[in-house]
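Here come two complexes built around chain A, the first alongside chain B, the second alongside chain C.
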Partner chain A sequence: MRGVFQRFMKTFAKLFSLLTVLSQERASAGGAVEFIFYFGDVFTPVNFGLLLLGTIGGLILGATPGLSPTMAVALLIPFTFQLEAAQGLILLGAAYTSTVAGGAVSAILLKIPGAPANIATTLDGHAMAQKGEGARALQLSFLASAVGGIFGVLLLIFLTPVLARWALAFGPSHLFWLAILGVTVIGSLDSRSVVKGLLSGCIGLWLATIGFDDIMGAQRFIFHPSLGGGINIIAALIGLFAIPQVITMFARGRRQDGAEVMRVQKHPIGAAVSELLRNRRAVGIGTMTGSVIGLIPGVGGQIAGLVAYDQSRKFSPDREKFGSGHPEGLIAAESANNAMVGPSLVPLLTLSIPGSPTAAVLLGGLLIHGIFPGTDLFDNHPDVAWTFINSMLIGQVLMCIFGLYVAGLAARVAQVPQSVMAAVVLGLAVFGSYSVQSSMGDVYVMAGLGVMMYFLERFGFSAAPLVLGLILGPIAEANFIQGSMIANATDGVMPYFFGGSLNIFLIAVVIASVFYSAWMELRSRRYTSKEEIMA
Partner chain B sequence: MSEMSLPRVQHIIGSGIVAAVGIWVTYVSYTQQPSEAFLFPRLISTVFVVLALWTFFKACLGRTRVGNGISARQLTNLLPGLVIALVYIFWAARGLGFYTATAIAFFILLSLYDPAPHGLVKSWVKRVIITACFMAVMYGLFAVLLKVYTPREILF
Partner chain C sequence: MKKLLAGAAIALAGLSTTAVADGHANYPERPIMMMVSYGAGGATDFQARIVTMTAGNEDALGMPIAILNKPGAGGRVGWNWLASQADADGYTLGAYNIPHFIAQSIKGGVEYSADSFEPIANWGADPAVLVVGADSEFNTLQDVVDFASANPGKLTTSGAGLFVGHHIAALQMEKAGGFSMAYIPTKGGGAAAMKAVIAGEVMAGINNLSDAFRAREAGNVKILAVADLERNAFLPDVPTMKESGLDVDNSSVNFRGIMVPKGTPQGVIDKLAETVPAMFENTRVAGKMKAGGSPMHIMTRDEVLEMWAAREVTLRELLAGL
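Presenting the complex of A and B:
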């Protein structure tokens, strides 16, 4: 054992010295392999420590039912203020990756998905745990997550710089339509009702206009002194994602959840690796499905996991075994929900369009350090961009290693009573939002938006489009005003905003996403009505 | 009021409030000066009010299909917690001091929603220990590590 440890440390030292040399060479670097030159930065003591902290903490938070990845990342943002931009993003990125994977622990051992992305994992994962194969299910889940996650981050590495260069061709009108596209796509695809999704987006866009106008300095919609400086994004994010969860826990009352943790027997890791290699088809389907779905803004890990599970069943010769503890279903679901993590950041890092609510929270983490995604990020802050992306790659490996060891502890955390969770999250939300600017106004905004969101959610509205509206609102407005000035000085508003192939393409995508979602909603309604008649 | 109509009434009230906000936003956007500052709000408020009125009319016609509303039981369960949370945020945090108010609110919420029986001394001791541990962690994180200066007021 000691010999193995010494060999590992020697290899690590050699790798570290190689990466240090590479990072010294990066001044003359560039091109498709630019990311390699920043690997050394991930291994500095502070950065690596934060990566470990984010990974282990994320695994535990992810395993806790009721704490979604978005909420975990939102609650972590106040802790990144005193860190450098890259360090803060490393912590947030590691937490994002690990909470998605950690959600599998409670899905497998408790049949309660830690996050919506783990819904498909419960189908076969819990059945395996019931058969006494909990350890095997957890090992397969973390290994599949790592494979999917690594592929997803590689896609992020190679697609992002290309798309960021392409984004250089974008003018104010295109950026305006892109911001509208971000809100519309999430509003229509991420909601159960297209109209309510779009309405949520409009509420977010309106909230973004509260405060003093940037150009004229006019007061807009300031109906309370706390709103004088506008709505602080971080306080809003904490309120919109954490407070509805707290109130939902209150609404359950003093109910005992009664979830019973399955016992985890020992299982050789080598056997799990061999089994994963035998199930290449499920890994491939899960990884590809997750990667493609991750690239589409608004389509989250929940859909990635379910679609991959369904496709894997269709292509499997053992499809009748799915749902009764078949490893293929578990592998496909877990590789898919982690494969979507990397690609979901592509639209964020290139076009400032967050692909998911968690990506929107990460955008908030970038903006508080004065860094804007797109070419600015890769040209002026390549160290931040590549250290963050590389840390996500290393984070996938760490997540797999620690996941296998932390699973037992995480399952115990998952049993923490809802009363404790609600009180802890409320306390963290209050302290977190106050610490943003040491302002009670931010705490009031956080609480007000949180309570409003809880009631809106009960009536079918959703937080994701509202958050995107709030974040993309200033981008949309700035480009709308700038575009209007250019248009008035040139051809006029109509040709400027509605002419040109790129504008037409973006408008077509906006319209297509709305109509597609409306059609899907009508179809599912007809299907439900038919089922009711048949019943 | 029959039980079946409760979600419908709730939807009408909920979407009615959203529609009222939409109308107010639109009114302010089109009447306030300087008009240049309200160019973008005018654009979004127009879409906002159309969608809000559409949702309101659908709710009035009973054709809302998404959103379950809040049952009487859920409302009874959440109200005490919500009131304590709001008193804590909007008054106690400033009036009593951040840490004192947080400790009191945490302990009350924990005791209120803890499924363990209230008659047992053991469960009260457990709640006190959990509250003390949580406050120690919060103080360590925010006061010591992040150096956030919170309102102290009459207490701590």
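Presenting the complex of A and C:
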């Protein structure tokens, strides 16, 4: 017991010493102010034009289901062959920022998350749109995105050397515990029933095992060649979220009440700004969670939004309103997924290690111009590096302005009759899942999972925990296998997974999260009538 | 009558041969698609886009080549598709990675082997190198070998998965030196394996020369040896494993090139085999490849056929015990 206590103290001591390191870095990093000198470069006619093009194009691409930020950036790479290095990166950086934010549009209006980052946005965002508050939801989401995004880029500008060390601190054992922390969220993500949430999570974990496993190359549940690569996460997202809705819309259409047009309430932008200011807690939680998680290579972007959503619910006094169109959850999720953009580039820009698929694509965009990320980038090509980073900063503002401008128009999507809407969503779903890797197999997977989800939803299961299982399964598995291989060759499994301050800290958070969820469940049960639990 | 028939037959034969000849002489008549079995932005995808960017020039194919990514399961998804579902009409090409696809076909569970494809030409060769962290106590290959020999199975060495070039290099090192190490396959390719080395999660790593070169430029790693027959132009100061006393040849070198599915008309194969190597030699292509730190190695169809056959033999022997 005493030993455990001492270890805890050590962890805290380390965290405190980190603060001092942070302040020292800041004092010594006089070079970081350098970014100001390169602001002018963003505003040359060509550069600013590319920035506008990247931002607007990115919003449109991001709003299209199936076109994830990674794909949008990859599609743009060939165009940068003809541009100068800085220009190409402005285009790519702007597109990256605004596709992440643009994903919120389809998540809110159509309940189709364009990428894993937008899953949490659907939970409250779409509920708001259904109530006719689509414009308000979109405005809040773009404002929250801009706040989170700007904070993330500022972190990238000022704290890159420290953050790079942090990113490297996460080895296989830590990533494993982080994934387990994500698993503890699964149960509470479905606000109706913890048991059903956990069951959906298990289905997701099982689906994640399909295909050749990533490390050993073993074949699991491959009954058809098109399943060899496993369930594609984007195709699964589209199927699980969009198809049940399409079926419901068609079914309603037959009952003749589908033509009912929802009222779309206008919402002044000023009101959205003041609402965001009132929700400082959600913004703070979202931004911090997004920046910290976004930094960690290999996990980052996919779960930042979900973890932020869950955390802000745990800290909110109105936690029972989450899931029914409560803006707090939306704000937390959207500020988190844009806050992650800046820090997710830290490992790439400093260590030349791409921490996410999108960063890997950006690496290609740098290499094509003969620029190596790392010291070479900041020492020999500071104009390229800082113009790129500055353009992301200004890109956030432009993205917000355009987003707010289209919010009112876009919200009218809710007025489209349901029968028409169902057809459009179905078309987008097929197009989106096909375009991920130009494969009809993904379309069948999307359709199959969607029909399955329709029936599961009728029994009270929901899609979000299932998707989280699908995302976390491979992360937990791969890191466990890798960790245990390293452990077996060195100290042994127990010290490797349970020793070290970071491991202990993460395990403590996992335990706290489990107990908190259990306690909340028990408490809410005491106050809830039996019928509500059954429902 | 007989004469007439014979004349008609000759005419017909002539007609059909000219038709066939025409069909191939005019090839390509529409844009060509090239399948890359790794995701957009990866090293293979990146290089494939560069080497095909001049395909539309009149002195090359005269038609552009579009890249189609079919990633998944270490390349197996894409190569399965190329072997079993792609049209063998010359308008569907594929990028190959040696030794990956041959090693996978030996291991089994896939629908292809070296016989399922016809090589066209090779564009690049990325040798595997042995890297350690910048602050590692190992300074030469001999240091690493000494440690591995004294501590069997304790030298943790990262690489990008099983049955890829990195794994093959590790197996060859173990065989040549008579020691055993702990090979740690990572998920997420060479980048994740390199991160493990830089962060000190593993003691050493086997990685692509191009990525290791960049990591060394950034001051993050030391490169101790190259698993190739001769020193590389990018790293003239780094010895080969053979020079340092480990009998490791170039079987683990990651060769990248273009192939077509078996059954593609011979005329098309000949036309491609003739024009594609010249397309790779374009100065713009070479410039971009060099800027990206990607070593080029152009080989003709005949040379590639020979290389494939040699790999098949070496890999069968090496993987027999696994």
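The criterion applied here is as follows: the second predicted complex is superposed on the first by the 269 of 535 C-alpha atoms of A that agree within 3 Å, B and C clash if a C-alpha of one lies under 4 Å from a C-alpha of the other, contacts with A are read in each partner's own complex, and residues count from 1 in each chain.
The rule is simple: contacts are C-beta pairs under 8 Å (C-beta built on N, C-alpha and C of every residue); 3 or more make two chains touch, one makes a residue touch a chain.
Quantities reported herein were computed from a predicted structural model and do not represent experimental measurements.
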Next item on the list: Could you say whether A:Cys202 touches chain B, chain C, both of them, or neither, answering first, second, both or neither?
Entry: first
Note to self: According to the stated criteria, A:Ser438 is in contact with first (chain B), second (chain C), both, or neither; which is it?
What the structure shows: both
Item checked: Touched partner set for A:Ile353, first chain B, second chain C, both or neither -> second
Check: Touching A:Ser312 in the superposition: chain B (first), chain C (second), both, neither?
Finding: neither
Note to self: Output check: A:Thr121 vs chain B and chain C. Expected answer is one of first, second, both, neither. What do you get?
What the structure shows: neither
Margin query: Per the contact definition in the header, classify A:Met216: touching chain B only (first), chain C only (second), both, or neither.
Written below: both
Next item on the list: In the overlay, answer first, second, both or neither for which of chain B and chain C A:Ser193 touches.
Entry: first
Next item on the list: For A:Thr80, decide between first (touching chain B), second (touching chain C), both and neither.
Entry: neither
Note to self: Using the superposition on chain A as set up above, list the residues of chain A that contact both chain B and chain C.
What the structure shows: 78, 81, 215-216, 438
Check: Inside the complex, what are the residues of chain A that reach chain C?
Finding: 70-71, 73-75, 77-78, 81, 168-169, 171-172, 211-212, 214-217, 219, 225, 228-230, 297-298, 347, 351-354, 357, 360-364, 367-370, 372-376, 437-439, 474, 478, 482, 485-486, 488-490
Next item on the list: Using the touch definition up top, name the residues of chain C that touch chain A in the complex.
Entry: 39-42, 45-46, 49-50, 53, 68-74, 76-77, 80-81, 84, 104, 107, 109, 111, 153-156, 161-163, 182, 184-188, 191-192, 194-196, 198-199, 201-202, 214-215, 217-220, 288, 290-293
Checklist line | Sites on chain A touched by chain B in the complex | finding: 78-79, 81-82, 191-193, 195-196, 198-199, 202-203, 205-206, 209, 213, 215-216, 218, 220-221, 246-247, 249-256, 417-420, 422-424, 426-428, 430-431, 434-435, 438, 440, 443-444, 447, 451, 455-461, 476-477, 480-481, 484, 525
Item checked: chain B - residues contacting chain A, complex -> 10-11, 14-15, 18, 21-22, 25, 28, 32-34, 36-41, 43-45, 47-48, 51-52, 54-55, 58, 64-70, 73-78, 80-82, 85-86, 88-90, 93-94, 98, 102, 105-106, 109-110, 112-115, 130, 134, 138, 141-142, 146, 148-151
